[in-house]
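In what follows, structures are represented as structure tokens.
There are two complexes below, and they share chain A, which is joined by chain B in the first and by chain C in the second.
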Partner chain A sequence: MKTLIERKDAVNTWMERFGVKFGIYKHGVFHEQLFPFDSVPRVISHDEWTILEKGLIQRCNALNAFLLDIYNEKKIVKDGIIPEEFIYSSKGYFAECEGIKPSKGIFAHIAGIDLVQAKDGTWYILEDNLRIPSGASYPMIARNITRKVSPQTFANNHVAENRNYSDLLKETMDYVNDGRGINVILTPGRYNSAFFEHSYLAEKSGAILAFPGDLIVEDDMLFYKDISGNKERVGAVYRRVSDEYMDPLTFEESSVLGVPNIMQIYAKGNVAIVNGIGNGVADDKGIYYFVPKMIKYYLNEEPILKNAPTYLPYFEEDKKYVLENLSKLVIKDVSEAGGYGVVFGRDLDAEHLKEMYDLVDKEPRRWIAQEVIDFKDLEIIEDGKYVERKADLRAFVLTGKETKVWKSGLTRFSRNPNSFVVNSSQGGGFKDTWVMEE
Partner chain B sequence: MNTYQYTYQTCISFDNKVSKHFFKLRCLPYRCKFQTIIEEDFSVSPCKNIMRSTDSFGNELIFGSTEEPHKSFTFASRGIVNISQHLTIEEPNHIFRLPTTLTEVNEDMIKFSDKVTSFDNKNIIQGTLSLVDALHEKMKYESYSTTTKTSAIEAFSQGKGVCQDFSHVMLAILRNKKIACRYITGFIPGEGESHAWIEVNDNGIWYAIDPTRKLLIESDYLKISQGRDFNDCSMERGVFVGNGFQYKQVHITMTEL
Partner chain C sequence: MNTKTISATKADKLFWLGRYAERTYLSLHFLRAYYDKMIDGEENAYHEYCSHLSLDESFNTPSNFVKSFLYDKQNPFSISAELECANDNAMELREEITSETLAYIQISLARISNLAQTNETNITALQPITDNLLSLWGSIEERVLNDYALAILMVGKILEHIDIRIRFDYPFDRVELLYERLKTHLRYVPYIYNIEVIEELDKLLTSKEYCHDVFYKNKLLSLVNSVVCTNN
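Here is the complex of A and B:
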């Protein structure tokens, strides 16, 4: 452990050489930056992990059941568990997906579930990411490098393997591919913030990295065309292009990132799309409130993991509470991602507080409010000293034949001592996450 | 019941050759109880990769792509259909009660509709027809006065539009009253371009109303597609590689046999 920490700079140098980067748009200009790594791992004990694992599997099973239901029978709406306008006015809901039953009935194959741990040790779910959650490659590669730099650390500690994420990914893709053809990872291209990850995962999982234009729909099937014009049938596409850009003939017409008419053959069940189209309706920050209800409704089980205490101004009673307690709550815009649209009431002056008050009052459906959780801080090393910073954990849950949780995760921390926002796009760093065996 | 023969043809010509042309067409009759298809044919040229399916609204789709460089692209369909009164017994899907970007209302539209009817008498169809009549005092029909991207609010504010706009304005007003209604594209007897109208749900029954011609539709309209608004029903969508302008010519005929 000590060697690992002493050799922190060596690790970061290696990362730079491997090209572990993420891209960011600032004022419309593309920059690539290193994702700063901190060598002190987050350690999760075997017992603690067992509970987390169960809770995450339960949550993702319910979310998958919800997606299949909402685009088909809609029982949860008919039974009055979730108000209909909550679903149908969500930006992530696509009428174009009505009636679609994806391969093996799975919509959310790769879920990135963000959690935080409070000072008392309780884990809370912060948000579900069921569209294109990124970040799994960073701990994989960090582990690879740290094992090289400090092999002794891993001989002395029984840390669960995490370099097998690509095997889990392959297993999931193979299951929904169902022998139809090859697996591909569709990247929007070089200037996407997670391009490094797309190419890394393709290499490690044995999938072909496809760029826009490489995929074509013919004879009701999807084909990958290589540089010499040879065509090979594709059975599963792990796409890292957002829903709106996936099919210019169904969604955003100007998109050059997608595959024209892929929606038609997806609806016919001739290709698996990982993750499914239209998943945004389930990871909407407003729908989040209803996930514990989904667990009871679909699985008839009590939720194992807790949501952060959340209020929906959509309900009169909650709205009253939110407006009265605005200054102590976190307010989130339901349609924003990546740490954008998150406002802490206590940071607002009187004028901005009034502005926020009016916004919530006028457009209650657009916001959720949460109690501020007293995070358990994690130690990081800064200028040779240990300091404490806010951190979260993105757990990756993969659903194929079974639902499995990757025994690691992306621990992100805020480098700014006063900030609670840990997103990489907001300048945070990351740690490896050690899940202990026994 | 009436029997009709229809022909439909769209020809797109380009200034310069285009390649990699991808398309999606909705130009075959809608499959439902009041329409029985007796004959049906279609063609797309130049193109070898042609596929069929239905979309999430139940509309028939023809889709595909061509990599053959071309300066003109033609698709056509023809057929014979038996049509009876446009009535469908079906509980409405929630999404037909919610506005889309093309079918939002503003204060003026709400004021206008409140003056005409409150829908208090529970007769939704009667109320809709009175609104349609009143709407013609606010908006006049004028060819080429709007585009496919014109919203209900824009059309209502400028006081003119075509069948698409009359339909969007009605949908916007009805949805504001939480009445389920949908946009319909189809053909009417005669010669020319496609037509647009609406269907309104009253107690589990969909009635067809033509806001442009101010009437309750019986059995002389041919329904092609349905959706929330124009975007769900567009007869042709395409993307291609190439530059230059494109010109589109549409020709439709429908005659009673």
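Here is the complex of A and C:
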């Protein structure tokens, strides 16, 4: 480990060599920058991982059951487990997906589940990302580089392989593709913040990287257009385009990023879309509250992993508690993502606390409130010294024939000593995540 | 790759990656040659360089000329600008050309960016970029498994080279050699070129017709730059 840390500069040179960057818009101008990498890995023991793995598989199976149910029979609503307005008022719910049964019944093929570990060692789920969670490519390439830079470190430590993420992705795509045609990754293009990931995963999984305009629907099938005029049928699309932009004839009509009529053939089962359209209803921060109930309802099991203690101001009792304890809670706008719309009550002065109070009071459905979890800090190296920073873990769960958890994950850390926000878009860095084999 | 399919978007990127990578390599070659002339006292040799590229010569000193053609991103003929253009295309082709191939452009960009910060005017400091570009083509031959993609890259590379040789008044046999090589690669990708342009070039690009007359050169350049059309 010491060698790896000493060779930090060599790691960064390799990162630069492979163009490991993410895009960011500052004042409306696009910039690409290196994603700051810290060589000290997060280490998860084999026993700890075994529990996490079971809990994550359980959670994603329940979420998939929920999505299939909610766009079809809606038993969970009929049985009074989740109030229906939580479904229909969710920005991620799309009436256009009603009645859709996607290939093999899977909606959430790739889930990015964000967890934090409290100081007492307990893992808490912070949020589920079931639309287009990004980040797996970074630890994947980081491992490739760190193994080159410090091979002895890996000879001395039995770390589970993580460069197989692309194999898991291919396996998942092949399963839902079901032999219809080729696999493609649909990217909005170079100026998307996660473009590195789109291109790297295409390279490593053997899928074609498709740009807007490359795909066309004809005769109720999806095709990739060749410059020679030939067309090749597409069986599965791993789309990195948001739901709203996927089909201008169904959703945002000004979209030039999607494919006209793709929803029509998706509904007919003629193409698999990874992840499914309409998944946002299940990763809504309001629905998050109900996931433990989903696990009991669909799987008849006790949840293995805990949600962070969460309150829904929608319920009178919770609202009363939230309003009385606003200054010690973290308040989240359910429609925001990427670390935006997150407010720590303790950071607000009296005037802003009053404003927040009024907002929660007037629009209770828009907010959730959580107890602040005192994250376990992780060590990072800054200016040659070890310092401690807040960090989370995004675990990737892939559902194909089986549900599998990738034995690694994206550990993001805050570079600001006073911040809990770890998102790359807000200046955070990342670490490799080592899952130990024994 | 599980298919040999190339979309119009990708064909365009492959073609322009080939052109810009070769343009950067050749620009370095010519800058070195003209820099060498300046060492011997031909301080205004850059006028000749600019004249071949049909550019206005508005540099006060040879040093400003060198700086502009190395680092000024507003100057489309600078090494920095040409590398950026090569990178813009290469970035979108990672799965065709591989990360290892793309790396040669990335490290060249890092190199020029570091040199720009010190305003280094000794062109020999850019030798690693020339080496990287040669490695880029080696890597392309080694790692690009799609024959169509490889042919389009080579078409871009050779067309750029022909363009530059015509501009810099190379003798006919040096241009003809490349033109024959171009046609060999075009046969693999018949859907990206205009046959009528090739027929016209066949008539015009002969030892009898070939000369350094401006009108003739412009006609030839116009045709060379119309051979390929990837926006189908």
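The rule is short, and it goes like this: the second predicted complex is superposed on the first by the 438 of 438 C-alpha atoms of A that agree within 3 Å, B and C clash if a C-alpha of one lies under 4 Å from a C-alpha of the other, contacts with A are read in each partner's own complex, and residues count from 1 in each chain.
Convention: contacts are C-beta pairs under 8 Å (C-beta built on N, C-alpha and C of every residue); 3 or more make two chains touch, one makes a residue touch a chain.
All of these numbers come straight from a predicted model, not from anything done at the bench.
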- Task: Kindly say whether there is room for both chain B and chain C on chain A in the superposition, answering fit or clash.
- Result: fit
- In the overlay, answer first, second, both or neither for which of chain B and chain C A:E85 touches. first
- Query: Between chain B (first) and chain C (second), which does A:N230 come into contact with in this model arrangement: first, second, both, or neither?
  - Reply: second
- Query: Can A:R190 be said to touch chain B (first), chain C (second), both, or neither?
  - Reply: second
- Message: A:A210 in the overlay: touching chain B, chain C, both, or neither? Say first, second, both or neither.
- Response: second
- Item | Touching partner for A:A95 - first (chain B), second (chain C), both, neither | first
- Message: Contacts for A:I182 in the overlay, against chain B (first) and chain C (second): which applies, first, second, both or neither?
- Response: second
- Task: Compute the least Cα distance separating chain B from chain C in the superposition and give it as a whole number of Å.
- Result: 12
- Which of the residues in chain A come into contact with chain B in the complex? 74, 77, 84-85, 87-89, 95-100, 216-220, 248-250, 253, 260-261, 264-265, 267-268
- Residue ranges of chain B in contact with chain A within the complex: 22-24, 49, 51, 53, 55-57, 61, 63-65, 93-95, 98, 228, 232, 237-239
- Residues of chain A that touch chain C when the two form their complex: 16-19, 182-183, 189-190, 195, 199-200, 202-203, 206-211, 213-214, 224-230, 232
- Contact footprint of chain A on chain C as seen in their complex: 1-3, 5-11, 88, 91-92, 94-95, 98-99, 102-103, 106-107, 110, 191-192, 230, 232
